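Look at the two complexes coming up: chain A is in both, with chain B in one and chain C in the other.
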Partner chain A sequence: MSGQALLRLEGIVKKFGDFTALDGIDLDINEGEFFTIVGPSGSGKSTLIRLLVGMDDVTSGEIRLNGARIDQTPANLRPTCMVFQSLALFPHMSVGQNIEFPLKLRKEDPAARRTRALELLDLLRLPRDYYDKRISQCSGGERQRVALARALAFDPEILFFDEPLSALDYRLRKTLEKELKDLHARTGKTFVYITHSLEEAMVMSDRIAIMKDGRFEQIAVADEIYGQPVSRFVAEFMGEVNLFALDTGTDGTLSSDILSIREGARLSAVTPGASGLLMVRPEYVRFAETGESYDFTLSGKLHGEYALGSRIQYELETPAGMVTVEKLREDRLSAREGDDIAIGFNADVTHFIGDTP
Partner chain B sequence: MPASRSTRIALYVYGVLVIFFLYLPLVSVAFASVSRARYLSFPIKRYSTKWYGEALESSTVSDLLTTSLSVAVLVTVISVVIAFFGALAFARYQWRYRTTFQKLILLPIFFPQTVLGLALLMWFNSLGVIPSWKTAVVAHLVWIAPIATLIVAIRAYSFDPALEEAARDMGAGTWTILREITLPLLMPGLVSAGLFAFLLSWGNFPLSLFTTGADSTLPEWLYAKMVSGYSPLVPTLGVMSVVGSFLLILTALAVAWLIRANREARAAQN
Partner chain C sequence: MNTLDRKLGFLSSLPLTVVLLASFLAPMVVVALFSIMPAKVFSLANMPDFSAYSVFFSQGYYKSLLWSLGMALASTAILLLVCWPLAYGMAKVFGRFTLVLTIAVVMSLFVSENIRLFGWVLTLMKGGLIEGHFRAFTGVGFESPLYGVGIIVFGLVYVYLPFMLFPLAQGIAMVPDDTRQAAYDLGATRWQVLWQIEVPLAAPGIVVGSLLSFVLAAGALAESKILGGQAVIAIADDIETAFTFGQNWPLGSALSMILIVIIGGLALFGVSKVDLDAIMGRKR
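== the complex of A and B ==
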């Protein structure tokens, strides 16, 4: 391992009465990383972040920051800071007073505080005259920036985010996602972000952890999570996916009840004899013209066509259930609902998820 | 949205009822207070401010005002302090007996005040405490502090608990959070609770009647004078009491307005 992790979690367990919210979490987060924890509601991600900032106590396990244990340190003495889902901007203070709040607590002198607050307004591309504005006079996006400025004024070792973009409308969210990624690059800080949105995670993060039932299912870079999910849960959580039951023989031959398989087709990196699910993302599925040959083929009836902006999504009714196919708008299919359609894809665009014994 | 015909009629009826049963009686008291005659009779033959002069000079009146004011001010201060912490317990913190507390605190409000007054008088007697205006403060508090607590609790419910967590996260300790975040956010609730406490205590009759002992508050004296020996000072003091209450509310509104104007002026700079 290269160097020491900035934040290290070892065997974190959190119980509320009989309910186990976190069931043995191990994690290393590196200095300067943008790390995102994604999971559906109830997966334990909010519980985890509350433990990390010190708003709840661990039941067992250790949290180490730069090697020193912090799990018994109260929130106000930890060198970390969080941007809340509700942003938690103080409504009785001006924008400037909000940003200066952590500096005021450290008894920095008013002139230095003001200078720093103005610098942070510049960094977050807010006009300097916002210094004296009331929070109620700021728009949603501006409040977001004020909350970030306040957290950065604290100058934390790690900046935590608890779904701060979830309340905003789509366009603004997309803009702020990019700004946040840009801010991460410019400040060089370690960001730990939690969200239930896969898109948000994919746009911003260096690494993503997928959480389910108080455990991590997979921790990897975005491409790997998208292309090589370790489980059906991760595959389905990370967007539209087609899964087909598949068995491999001891000699590597493939067999399926649903897919027609080309003679000699093989999957690399699969233990012979394993059975599991063959995954293919909708954008890798081809409509098979007559004469074309694929490793895997299947036919079905066109069930529906949905416009997704730049792409068109098709749903096909097949013996394997609904199969989703996505095409760019320019590759639009000229077929009607109910038409018979054949689809195909090659082994190199698939990923095999083995059954866990 | 324009009001429908039936809504308009209902509003007119409501307005007429308010004028007829609330403002006209008050106005008639005001007229009685400026009558020169010793006994109340309409129409008033000669107008005079003589009784106001007498009221201001009378030592009885100044005693009454001092007693009423002492009780009301003490009740206000103590109920606001109780209401602040009570409201936090009521609305902000999760603790074991919270729902029990929320129900129990409402009980005194449902007691008829005369019963409560009687009960307290008997209790003071059995404790060997001689009733005076100080025991009246306790009696008023039993009834008024819960109301003040409820007023502040409504305010406490409406603010985001994450505000306190955020302050803690940025390094603030418990007292700093209370001073910098909780207190300023609850301030509007505390001010209205204080106003209510003062006015409820200032105008209270049943609790005072039982618990002031030899002392007398303004409402008690007004009642006593109506029962035995009318004096033109009765409407005079009645009017002075109402005007005093109005002045208090106006002052509070003016202070609130000044604070807001000051804040906006600061925001408008730059």
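== the complex of A and C ==
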């Protein structure tokens, strides 16, 4: 690694009474990175961000920013800031006053403050005459931008986000996700984002950390997390997935109670003798026409068909339980509910999740 | 159709409107009319003159008014300082204990104000609860704090505490925790959070609490009589005397009118200064 991590967490533990919210977190975040922490509610991600911003104290462990310890520094003296889930705009101030708030605290002169606020309005693509508007006159998306502008005016080393898009409607959220990614590229700032939405994380992030029960399950780039999850939890958390129990013999042969396996089929990068789960994402499953041959095949009854916009999702009732298959709309299957259907997939589109001893 | 609806609304509200007008406005009108009658008459069928108002200045009643307003101002200021931390605790910190505190404060209202003030007299007087015990144990006595301006202000603070405390707690409860934390996160000190975020956002509560306690304290009478031993005369005391011993209704009415105009003006000014809607984040 070239140089030092911008933010380094070492053995972070946070306890509330007997309850351990964070159980030994280690993490390096690099300068200029868009890092997203994803987890279901109760996984400890909000607790973690509160520690990082300084609104709560660590029970043990160290937080270092550019090598210097900051875990004992109060929030108002840390060179980081956060965009709140509620945005926490100041309703008694105009848009301009909100953006200038951190500058005013630093006693910058009014003209310079105003110039900076107007620059930030430009950067966030808000009209300059919003400077004098009240917060109550702004729409949800505009408030989002004002909150971002205020945080950027602070000029933090790291900008934290606590699910700021979760209260918005779907379309606006999609737009703002892209804008945020674009803003990250233009400002070159380090963004640390917290969300429970996999999609949000996938769209924006350089790296994603999956959190469960106060620990990181996996930290990797989006594609890796999606394609090569380390555990059943990560696989299921990152969208629709089909999992089949699978054993490997010491000679590399595969055996399964459910799947029919083609003679000679092998999984690369699997320790012989391991048992675990074979994962295949729904979009990689094929409907097996007669005469076609796959490494793994299975048959079942069509249970349901769901339109997902550009894609169609099928659910098949099989001896292994429900199996999900997704097709592009143009590849729509002409079958009725209750029809017998055979499916298949090859080893190269699968991922093997070994049982953890 | 529309006009009929409107008429029906007006008609059905008419009885109550009449009652309200008769019970609130009529006495005010009577007082206003009496205030311009010549001295010591008991009928409105006299030639109006404004002699009662000139007596206000010539016989020094303005001093009572200034004392009343001054003590009301002092007690309101002290109440703000005393109640802010308490109200903050009730709104944000105490949790379930808030209910206990609320009930305790409200319970005190169940006992008549005069009786509570006499309780303080027994506690504070020379030979009373405090000084008496102190002298019995140490052999050294001290002067009673009773019968001065200070103790009157104390009495006002004591009696009108609930009228400041509850609106203030309501005001502070309106300040979202996130805005406080966000300001802190953006580099504000505790004081900057207080002055730039909490006070402006709690302003409706501050204004309502201050107006209530100021208006009540300015018209207060018992504190100066019971605790103050009439060290200074409150304007309400003068008004009472004019109507009773003085048998001078026009003077009492004139003093009342002056107090009503001053307090009413202040209340309207206060409410108009604070844009309640804007602070609540509502559009006009």
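Points worth noting:
Just so it is clear, the second predicted complex is superposed on the first by the 357 of 357 C-alpha atoms of A that agree within 3 Å, B and C clash if a C-alpha of one lies under 4 Å from a C-alpha of the other, contacts with A are read in each partner's own complex, and residues count from 1 in each chain.
Everything that follows uses one rule, which is that a contact is a pair of C-beta atoms (placed from the backbone, for glycine too) under 8 Å apart; a residue touches a chain by one contact, two chains touch by 3 or more.
Since this is a predicted model, take the numbers as computed values, not measurements.
In this overlay on chain A, chain B clashes with chain C.
When the shared chain is aligned, no partner comes close enough to touch A:260: not chain B, not chain C. By the touch criterion defined above, A:133 reaches chain B but does not reach chain C.
Judged by the touch definition given at the top, the superposed model places A:60 against neither chain B nor chain C. Applying the stated contact rule after C-alpha superposition, one finds that A:175 touches neither chain B nor chain C. When the two complexes are overlaid on their common chain A, residue A:94 makes contact with chain B while staying clear of chain C. Residues 53-55, 75-77, 81-82, 84-86, 88, 90-92, 101-102, 105-106, 134, 137, 150, 154 of chain A lie at the contact with chain B in one complex and at the contact with chain C in the other. Chain A meets chain C in the complex at residues 53-55, 75-77, 81-82, 84-92, 101-102, 105-106, 134-137, 150-151, 154. Residues 176, 178-179, 181-189, 192, 196-197, 200-201, 203, 278-283 of chain C are the ones that touch chain A when the two sit in their complex.
Chain B meets chain A in the complex at residues 160, 162-163, 165-173, 176, 180-181, 184-185, 263, 266-270. For chain A in complex with chain B, the residues that touch the partner chain are 53-55, 74-77, 80-82, 84-86, 88, 90-92, 94, 101-102, 105-106, 129, 131-134, 137, 150, 154.
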